[in-house]
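In the two complexes below, chain A is the common chain; its partner is chain B in one and chain C in the other.
Up next, the complex of A and B:
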């Protein structure tokens, strides 16, 4: 359709032991295309995936770089294990960039076929720098070694239309559609800082494009700012050993063992194949973990209306494979087919909605006071096709709703939108306004941190209250878990490097329910091990879910069930079998820690990686309002008696709230001290030179950043 | 639907069927390449092979498994990516693989083994009922 403005040929590199050894660099300002070598140094220190992304990003930016600076990059890499087909969850791409929400590196992981097909096209990593003058798309043809940049003004904007059109355009026939994958955002990314990227994979059974999202941190906003409408890759010929594994036999053996485990146990455990991650909604509500009405409470009697059974029986298609990469028998990427849209530009059309995942049902549902599965699915569809991160949108809208509930902003200030908790029609209208860049939609997508400023400075809201109830740290919105009773998780969120996303640590059950980590040291150990371990998935190209959303039948008999030792061993075995190396489970953690500490130093370099940046809003730690205290009065009173030796009978409600707050804030300080020590950081949260040396990361450029801070 | 059946009382465990199968499809005498496996238990012989139940069709992660016109469950080799999901999911454990193959294999009710069986213990049954 559009004019081709750049045509570039290359010889696709052959993959050896998991690496193609080449990365692709495209500069959009001058349409420069270059190939870079993946060095042994990079493999040694950074392993792949997020490691490669951060290393390239580090060299692209300066401390002054902001999300919309031309030198900011979107970097993506799938990692050495990415693209193997024999194990579940082996197609995850990791992306990094300087985020519009946080001004520090964001990382986001995503399924879909793009990353593996990019690697099979010869590229371990892909850097996108500069800004295009005109709106363009980039097409990578991995079979023929060709990259084309094409003008793309006239293509539709929203994902479900754009991806379908581009998939058809580049596929030769129906059977070829699975070989095309599209990355794009949507109209919502234009007018918000929470634009996300959709990664497509074609579903040959339903004959539609399906999507996974690189959701967090505004990557879609950045792609849009660079004037890139879409990235398209095409590679025909996926086979079991394109990664040139050193030992295919082990991969096959471990893979079959895992597939059989899914077959035998999933229906008895989490039912990932039936409902996906939303299986936990009721459990979360029962344990007071389901964020409800901006995290004010942890559940609601109405939650049964959005229970897994409702979605399974009434909405989600059952019995078909729903994996976001080949070989994923966990098959959690569920969807609602033939779903009738009732609002907005696509009203009256029937679509396939990818989801709802847990975050969607919890965030766009309970956290907004919406207990209506149909409304949740429609919100889900629009977030996806508009390219809006539904987690940031949900948490941010929940904040707006509470500001409205507490009289901090008025209906007029929201352009007439009646954003009461539970009003899904108003929520949908807000999404449409963000997509059109109209009304309240012009500011509602800027994120909580910017809204707090606007509400205080322009609408006269109370800054202290907004600070307490705005669920963001470092500028990123919290993901959807209430966690007031888990100190370890409070740390897991607020001390997470990129901002409060649960992919670093999810310790709530270990901490709060099973009481396995009672002391500060225990919690600090968990806040060392789990973030390190989980970082590893993003280095090598794997999905976290198959690790512990299914466990071997005898897992409970092991010495550390929370770690799922047998699955960790599977990962060690697969890593060695692909790369020919000989790591063990300790070396795996070391690989992760190198990148983890690097990212922390990177954040320090960008001005946001110190103690002051690791504090949560008080809503994360305890009851802000009287209603919150009263909703669990018995528990809080008991804690006053047992933990502080106070007599609640002699105190009024405000005194009890204040005493609880003092105690909990002090506990959090003590946790920070313990975690910082365990991670090898100074009291101020800076990685020490000794720690960097111990893990082989005492690189001069890192020492230069931390030395003035010591 | 075509399905291979086995009469236990006639089987002597000679393994001619396995040989016929592995030779026909993979030119080898290695029984690991046979889609029928005879298992001995106390001098009686049980045959393991695909029942053409079709459970693997919808679970295939590449939409490569289908039922052909004769009702036989088959793998489209062009579409299969060798994920081995079907191997782990087959309840009968009769989807087989080998490390040097890119695609798993199973009984396709072709009749080669039954012709090779000296005892007449194997037979292809044809029923009108089409499943799935």
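Up next, the complex of A and C:
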């Protein structure tokens, strides 16, 4: 055990109607620990979760703050519904910080037990500010009202070892291990800007720590920079009504109804209980949406080698409960048990691999040209234990591979790594190099935006080509959906506040296949409603998946099946039942919009969040290369004829590519105009004072930021 | 000619809903089919004959992410 350098006692606040009313503040520079009140103003304007995080972060930083400034904070909050056990997906924690990849607020959501146990320990939110001189860990004992800061240099770095050791250390016995949750990163976070945070939950059947990831935007890098090796919470006594709900019978009733849907329908719909989110791999490939070889194409005949059936039949343990919080019957946190590692420091060991989720199989698989399930699982394990965001790693590595294969960088410049598409051994070696901070791994984890600069300035690469094929916006790497044929999704990614992550909007089927949103105004309405609705999950502590990865049997009879109206009503009912308030589905959207617009203004304050920051790389919009055009020549030629009234027979290939590009870039400009109008923004993407006033967010500090931009 | 999700698509005599789904490679299991606004249940896909000029909606209930 390391030396305890701070010991703090507190009286755990009693939760009332979903809120403890207290937040925890720890300053690592001077070891200050304070309690703050959660005010009625905060609840009214920000609801909880990401709203609380952003409010605290706003007051912690200045426009000059960068990710490694001492004043930057990691803030986390679980929201007022977080921790209920009667519905599926109720244990989500939201985290915010200033990102090393984007220099603006990042938000990332995560399952696992830490957030709910933190709340039951008396804390609605947790701010971590400053920098420690020595590596430390923070232990929160929620039953006894005690916080200890302990020197932690002797503990292992990588997640699967560290979490197991700390879980054993703080549990009194094996039965007590489910009451401990650890937040930590890994050795990869030290040498990259894409370090992520693992949140543990102990699996008593497998007798291992399992993990969910707050992956996006470099939160693990920030935790490492603050010299925090781990956060640990322990709370014994989880039971159904710790949230002091105003109407527990409604929560029970809505929960039972939902669980019956899972029982009756999941095996007919998405099979979340068998394979989790990776159920969509083949569908994505068949519909031209599976990003393949750096988003060049949307699928590959080899995708069948990484189909859901392959993972279900050969790799993933079936029949065990895999919920990442109590009461989640969707149970989608699948894993491969006793998996034999073949490379790196853990070669020869058998481990539990959490995943693969869809993003993993698509990103570390198809997008790298890797169609080998065993390799994907090993990449999955190392990303997790090294604390590397696999989405950023996958998209960034796909970019590196294409640069290499197009002759923009050489094997020598990569320290001898043969990073051609499909070479999973080279991909794994790159991960190990990032973990060790050696060779090409010293720069490969800095993210696409910084790599573009290095490749151009130091390796002589073509800046225009790299701009076209580097799949990032605002500095964040795209998540794993090909979307060239969905204008709405192009906007959903590039106009997303934090960067191109799909958790704001996923409109591809509505737009590209169903043709439900044909006009710019239709698309703009979708790019208003869905980001606002999806934001709400992050305010209250819920997971998005139970909303629409399972739908009621009669959902098709509704006017707007894509919104899953019955499930939206479930959320309204649960919110009211926990908090005792009386919102409706319109008020739900208003709660979200307040935080959504606040985050946009926050980005403006930090120097991004304007029109110039919402442009995608052309690879997002259309075919960059001749090969891409030729791969779907029939479609593109048809579009030239029908949309532009051009005759492709009279054009050479380069002329056709150029005409397609002009058209698609113009379409995107028109989409931006429509979306900005719908969201109440100026033509430059700035929220207007009128819009802020209409939603009750015309706060002086926000007006001060936007007025010079009007 | 018929409309499929608002776009023109060639019709042929004897075309069933199943034929159309196969031709369009609509392989996603969780879909809703309406012909001229009328819901077609999955058990009728093989026998429901699409007529020339029909307006077919094939709604994929995939909301992703």
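The rule is simple: the second predicted complex is superposed on the first by the 710 of 710 C-alpha atoms of A that agree within 3 Å, B and C clash if a C-alpha of one lies under 4 Å from a C-alpha of the other, contacts with A are read in each partner's own complex, and residues count from 1 in each chain.
Here is the rule we use: a contact is a pair of C-beta atoms (placed from the backbone, for glycine too) under 8 Å apart; a residue touches a chain by one contact, two chains touch by 3 or more.
The structure presented is a predicted model; accordingly, all values stated were derived computationally and were not measured.
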item: First (chain B), second (chain C), both or neither touched by A:555; value: second
item: Touching partner for A:513 - first (chain B), second (chain C), both, neither; value: second
item: First, second, both or neither for A:301, with chain B first and chain C second; value: neither
item: Which of chain B and chain C A:257 touches, first, second, both or neither; value: first
item: First (chain B), second (chain C), both or neither touched by A:348; value: neither
item: Contacts of A:326 with chain B and chain C, given as first, second, both or neither; value: first
item: Touching partner for A:700 - first (chain B), second (chain C), both, neither; value: neither
item: Complex contacts: residues of chain C adjacent to chain A; value: 5-7, 25-30, 32, 39, 57-65
item: Chain A partner contacts - residues on chain B that touch it in the complex; value: 58-63, 78-79, 81-85, 87-89, 91, 97, 99, 102
item: Chain A - residues contacting chain C, complex; value: 268-270, 280, 282-283, 286-287, 479, 481, 502-503, 505-506, 508-510, 513-516, 518, 544, 548-549, 551, 555-557, 561-562, 564
item: Chain A residues touching chain B - in the complex, by the definition given at the top; value: 85-86, 175, 178, 204-205, 238-241, 248-249, 252, 255-263, 319-321, 323, 326-329, 331
